[in-house]
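Two complexes, one shared chain (chain A), two partners (chain B, chain C).
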Partner chain A sequence: MAGRRIAGGPGVGGTTGQKFARKDVAAKVAGLVSYSGDTQGAGMLHARLVRSLYPHARITEIAIAAAQALPGVAAVLTARDVPCNVLAEDPSGTGGGVFTQPVLASTEVRYVGEPLAVVVAASPVLADAAAQLVKVTYEPLPAVFDPGLALADDAPPIHPGGNLCVQWHVNKGNVEEVLAQAPVVIQREYATQFVDHAYLEPEAGSAWLEADGVIVIRAATQVIEHYRRLAGMLNLPHSRVRLIAPYVGGGFGGKEDMTVEPYLALAAFHTRRPVRMVWSRQESLQARPKRHPMRFQYTVAASRDGKLEAVDINILADAGAYALLTPRVLFAAAVVASGPYRVLAARVVARAGYTHNVPSSAFRGFGAMQAAVAYEQIMDELAETLGMDPLELRRKNFLQRGDELATGERVETAVWLPETLNAVQAALGPEPQPSRPGLLVGRGYAMNMQPYGRTVWFGDQAAVWMGLENDGSFHLRAGVTDVGGGQAAVLGQIAAEVLGVLPEAVTVHFGDSALTPLTGGTFATRQLYMSGNAAVRAAESLRERIQRVAATLCGGDAKTVVIESQGVRTARGSARWHEVAAAARQAGVALEVLETFFAESGPGYDNRRGTAARTFPDFTYGCHGCDVEIDPETGQVQILQYVASHDVGRAINPLSVEGQIQGGVAQGIGYALTEEVLFHEGQCLNGTLAQYLIPAAADLPPIRALILESGEGKGPLNARGIGEPAISPVAPAVANAVARALGGARVRSLPITGEKVVDTLFER
Partner chain B sequence: MKPAAFDYVRADTIDEVVSVLAQNPGEARILAGGQSLIPLLNMRLAAPTVLIDINRLRQLATLAEEPGASLATGCLVTQRSLEHYARAHPAWALLAAGLAHLGHPQTRNAGTVGGSLAHADPAAELPLLLTILGGVLEAQGPSGTRLIPSQEFFRFMYTTALAPDELLLAVHWNRPPSASGFGFHEVSGRHGDFALVAAAALVTLDGSGRIDEARLAVAGPGPTPLLVNEARMLHKTSGTPQDFAGLAEIVVEGLVPLDSLEAKAEFRAQLTRVLIIRSLTDAWQMAQQKAEGEIRHD
Partner chain C sequence: MSSTAWLRPRTAAEVTMALGLPGARILAGGTDLVPNRTWELDTGTTWVGIGAVPGTREVRCDAAGRWEVGAAVTLAEVLAHPQLGRHYPLWMEAMRAVATPEIRTQATVGGNLCVDTRCRFRNQPPIWRSGLIPCFKSGGDRCYAAPASRLCVAMLVSDSAPVLMAMGAEAAVAGPFARWIALADLYSGDGDRHLTLNPGEWVRAIRLPAKPPLGAFRKWRPRATMDFPEVDVAVSVDCDEEPRVVRIVVSAVGPVPVRATSAETLLESGPWTSERLAEAADRARAAVHPYDNGQLRVWGRQRAVHGLVLDALRQVASAVVEKGAQA
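Right, the complex of A and B next:
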């Protein structure tokens, strides 16, 4: 079902498609926003984690007496203090496997940084000192750090069920047969690395116990629905735990799994006092889940004139020590592994192996991004083999509406691959020229398809509440978490559009599991799609009620009632808001509504056959292109210009869309060129932002965002999601430009460092 | 993280600084611009018991040309002030070129010349610039002031000739010959990061257009900036690419480059080779342009 086209209210709304700066942005720039770590009060305690120093060890003792004895220490909590010390999840949603993880490890640790104890003390300094007094006795055990080795027969078992975390299959046609007969077959391998979310705001929050026994956690999280898991951990009814998410200073998937929440909840539960916890950047880089490193083996067959015939793909990911969202991430990689192209036959095997590395989990792009690194590079390599222009090869094979994906599902919305490619090509202009002799230049492109919304078998839903005050202002309540993309503000804008009022008339209250209707978390590029559609419904429903009351009050047809800032008007008369409110009371009409949007749902994935009637609700398509200049003697890669285009269905606030694209490209450039969290036997080697190189302003090229609108998204007002799509094509676009500049020599692992460029040129 | 506890002394006189240093041998650190020290404290890589803030000693924040062809910079002169001065005075253009790579305008506004030199990071720009230009450092200890020639100042990574009870007062930079040309090249992980390798060269030509004097210094591969003595071998050569490449090869053969996360030894050697050649080439070309300009003037 396509999203309904909304004509906009009959009044003064109509801000859709206009660039405007959100109020929260100005407040953030002015330093007025109170983030999760900013809550500090008298009597507040400070919590710190004691983490494992070994990648794999048996724990024989955790001695806490010395820490407990330190004056000012309120509690030292270990596994025995956790009422239910297991977090369980079925991340694929298919019943394929329930994965468990302890809140605090007690007998065995499986990665460096795994939490063992929570120290709660009167100040951060005391908490640090006490944490150092907790004496853990380890018996080191054999460890494995490579997923390939972990899946070998003689590898030490990481979990009782073995070291295979997940294995997905996608099958279409007879790959063996097509490969055997194909005139051109190429085979390539690509590799990606561990990277960190490196958000501005660290993992942080506070927690306290209310007089009625409710434990409140106010934390930087993408998912307030974690309150249920926290209640489970504490053996409390779900209604006794409340999770509040103020504005989050960047999530990118890194705050999708819980971070500080369980430890804060435990500390408040045991001490009955307010507690604060903030992780250091070193903790974050060492011990927070990372983006999955993946290794890709691609075999691609084509006809001599460049028609793709078959793809045979093997993906191996490093899940790290615990599953977290690995099964879901690998699924996204598997579904889009053949890219936005028509293929007659496809076979994808996507596996993740456990290791004793830090767990990998959600990160903007979510597996589909790593897959783009492979499928867009091999398109260029195939073009080179065929002696074809890489863009011509792509155009020949572009997916189109009505086509069947490798999973067997049909694409039913607009696929604006040619449009985005044309836009980028035109914007890049003439081919780059070296700025001085000796330098090499190249231009590269990458297309992508990125799902938005959860896989259909999750039966996803989101609820929004709206109400009218008797002064004509509106409340909108939604449990969205706003990670900086304007997830809250846009709901007000959508509601205003539907009601026909100015966005300022709608105040959005968000991110409170007890007081705002649940929308589901901000992940999977689902928030606009889900909550946005719920906001449309809530605003429509409220508008209809207002119109009904107004028609009674003023006379005339309800459908012709116009909502204005002072009140309502019909052809026959007008009424002020307080009169509308009084009339509604009189008539027994509540000017408040709760509407729930249910996403399209469907049966689970058939992993045995490797097919589905539908996986994700829809995809966002796009094209990125850039010019690079390379100094072949030093290997330094400079991006000269960057252009990114996506069909976003409809740009509700183009400024926010552009912000997502600019940010996605910047983050993607770090992934492409400089970022890698380095581990040696599980120990992080570059645990500061002086060593882990995220690009700064001076390192970034001019980035142009070209927003296209097919009008065919499944989100509100026909919008498509853009949060994740904007980052996915960056690395392959840069890699293709670099390979062009190097005359076909290609660095097949990320990041493309100066050192690798020099080595690659040397080898040639 | 936050620093370990320390005592804080805000000094009003140089004597006070020296006396506190002497009372806390090896335990006190000088706080100037704080651009290196504060992160080290916060990371607890340094844990001095006393921090002596010298920012009130404004007499140490002066910059002046001196007779005898040198530029005196008090230790509290900011990197940004020196950069502005160097940009406005072509004789010091090499300083301007090198300082442009030092951190960012924001850090240069706070970071001091003396602080960077005394910190002696092996990949920092100011130690390299002092090594190539040459000069004298003035330090004060309990028994008075003394002068330290630049070539004796850097001893090892983060280690200088300053005694634990000495304060670096000022640096006297040698002014390069007016006819000389210079080159400065650096490769770093990102804009403003410490160099993986940086190289600086100064070349003066004789009347016949051959090289009269060549100076060359490299930072990054070793524990201190390296003044390349072998640059003498360029004397009387005509500065061909082969001459420069030959010298670069000799330098690289003699190096055991630092092997680190940021760059493996082999890559550092390659960068050293390339940046030496580029710096010498730039310096030679600039010297030639200056010579031609003078000929035209005559």
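Right, the complex of A and C next:
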């Protein structure tokens, strides 16, 4: 197993690299945290959405009089009441296209559950009753639910520009030529499904109007920067809308697009009273964006001794009715489609088609995860064709520092693929044995590479403010949203490390678009990278000021000033914090700083040629392995043990890293085995958690997280992102283990249900 | 939204009277009734508690050594009881398989036997159902799970029912004509009105045999906890009788637990060789026809019956050998 290699941190000690339970964790376990839905107040109104019952229909009338007449109803709002009823976005950031979506549909609906009206009433029960009184007259139109069919010539158009939402190209070398000459070529297809984020906290929030006319929305969101879009919707100056995100009870990408925010803002704007909105689990399962189902066609060419020569890849995703973040998700899938392997030639075409399904958008793993389902299964299938050990095949082709990716960019940082694989292999131990005769067992592995940070052409930035109180306590202000991963707490820890104080000395104020400097949303595993680096800078610059003041106060060289809990010390003397503060005031030095971190930026993607100098700032690499046992009578798959290893550059709080890995694996197991939001003509068939099967504690095997630290990441203190990387290899690792157990028979579509396993066994 | 009255009568007679009120239902642990109310599947307007009636929360053993358990005793209390576990390990297995620990602290023995039947086309949010023309159980004229059927075929999901049937347990029916009935006689065969209880009747207690047969229980569900059964199998054998009394009960495949009589006959006499056990499992599979109203597909559930019965029979067979060796 690879040793711990830790780059020296810039600080003088502290807790970095040590496991400790964050403050917010204890408060959450004790039920002390006030989440977005927890605001209740006298006179508060309750809002409900009226949603479309049809996947595609013309709306001829929305009759609201009966609902309005119900006593206790404060407002019934339709498209007419939205000052600017379009949300517009250029999600790829390359000028590739601006996509629009109405806040409330008025003339046409494109998916079941699309919002049509907001009903605001004195109680949730009244709001429900009033919502039922809103009479919508539909003229059903032909609908299409399959992206392949949607892209056919005779498909009903979903948007004026046609049904192709996005098409990305990645090109390297001459694929045709290599394929024609390659000694071994295999071709396979894989498919993934709709899944839901299924977080504990539903979409929820409240909104009110301040006396100065500012609309405040306090909601479960990953992105407080949406306040600008809300202001646009209301035709207000940006400065008149404030979005606050308290601790979020799970996001996973599901709260990256707006959910309740626009409706709350509208309701408060019109009623001028506080309003609360909470979506039910059914609304959430039916109508909130899902993970993109994707279909993969892989053609892979190799030499007889197992050198990858070319990959030819077609990806088709279901974008659903609106684009949302589809272009970005597909881009991530396209960039990593050939996996963490060297290839001479590559051709990737990644397309997404609109359908009348619920829109697909961000979900932890963000396209790169679906790609891993394909690239890691085909590695096993190629090994089988070659008669080679699948791990040996991987080792032969592992990407290394300095290599060129399919996009043409170079890998600059450490690639610890062999190290993570070795660690997992060693930890899994001897091959599994069936627990009773008749059961089938197998072991499977999967590697992955997952980008962290936004694509370089976004010119990403994040700002952090830090200040010192005269009692020696520190404030850190950052507009991060904390979705449960400790995104806020870690900033305090990083700052404490840099300053050389205990983490308790730093209090983090977060998630307020008006009062905390903006850091950008919590998505794309960017938060640690971006605001973490900003926190390093802020803490460094504050430290430098403190040292300067201390040196004049105590004498000695500023660089040698040591910061302690009571005050500062130099070789010549010491001073207490209030003395430092007084001296700073006198010297006209403000002990507060605002620092901005700018991510590495670069030119846009050349989609015509299919190349880029750089796409994402960096990648996180890892390996997962597991043992499964299958009952051939029921097909049910049980995971016996699970080991996951990632090079996280540097583990700032290993307990949080482990938590991310454990959670990623648990969520990934659901993706692999049981979870699928089933739609029939756009209508969700399993709209309750009794039917949408997320794994329960009793279903999960022991999960071991092996954290490796190469000391080479682009995040603060050389850390790499781990939020998304931890979920991506799970499904292919399980799929490979199942295929092993079934003697090579393979279920090529997720989830690998008992039924599919039995079907596959029968086909053989 | 209409309000609901909650009555807590103190005698059995008062319960019977209260059940005569329009829209009256027994509210026991409420772990089935309350969710059904939330989903607008149950529209009862009067809830009648039975826990205040003497005896309904009692566990006692009669002179003949038969244990009687009151209908309002919770599943957690059954599982924690110092004696019941020793006498009726099979029943305990089924109790432990019900729902989750949280639900078991609330759910009752009577409620578990009377729990409403379930169906994929009905146990859905109101908005989902609003898209369908009502089926039998929703007051309509058709069945989506079994289009040719003239009755609702929603599934009985009680985990205790098949086990208690296999054990030969009885239920005490309270009402104008109080009586003991064999457990199998509690179920009507119609998934819409799935109990044979007449208006005003209710289950007061269950009675378990003094000498329970050896048995085995298997529950198949998508996840290792929480889920309702997709197939339940309970098998028992009493070797003290001649010929042996064999009971093979398959449940959660329709509105009543099914006895696989042809498989039982095969095993009543003759040796239990592995071939004959497999033959019995085949016969059990042929005896049941799950409908398309579960979480999993029909043929997969039917196929699973074979493996589950075989597995249960093997366990019973080795228990018999063990017992024989000891005797």
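Convention: the second predicted complex is superposed on the first by the 751 of 764 C-alpha atoms of A that agree within 3 Å, B and C clash if a C-alpha of one lies under 4 Å from a C-alpha of the other, contacts with A are read in each partner's own complex, and residues count from 1 in each chain.
What we mean here is this: a residue touches a chain if its C-beta (ideal position, glycine included) is under 8 Å from a C-beta of that chain, and two chains touch if they have at least 3 such contacts.
None of these values were measured; they are calculated from a predicted model.
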item: When chain B and chain C are modelled together on chain A, clash or fit; value: clash
item: Partner chain in contact with A:688 - chain B first, chain C second, else both or neither; value: both
item: Contacts of A:696 with chain B and chain C, given as first, second, both or neither; value: both
item: Which superposed partner A:678 touches (first chain B, second chain C, both, neither); value: first
item: Chain B versus chain C as contact partner of A:124, first or second or both or neither; value: first
item: Chain B versus chain C as contact partner of A:634, first or second or both or neither; value: both
item: Contacts of A:53 with chain B and chain C, given as first, second, both or neither; value: second
item: Partner chain(s) touched by A:754 [first = chain B, second = chain C, both, neither]; value: both
item: Which superposed partner A:200 touches (first chain B, second chain C, both, neither); value: neither
item: Doubly contacted residues of chain A, that is, touched by chain B and again by chain C; value: 125, 280, 282, 633-636, 674, 688, 690-691, 693, 695-696, 698-699, 754-755, 758
item: Touching residues on chain A, where the partner in the complex is chain B; value: 124-125, 280, 282, 633-636, 674, 678, 685-686, 688, 690-691, 693, 695-696, 698-699, 754-755, 758-759
item: Chain C to chain A touching residues, read off their complex; value: 1, 120, 123-125, 127-128, 130-131, 220, 222-228, 295-297, 300, 303-304, 306-308
item: Chain B - residues contacting chain A, complex; value: 1-2, 39, 43, 104, 187, 189-193, 261-264, 267, 270-271, 274-275
item: Of chain A, residues touching chain C in the complex; value: 53, 125, 129, 280, 282, 286, 631, 633-636, 674, 683-684, 687-688, 690-691, 693, 695-699, 753-755, 758
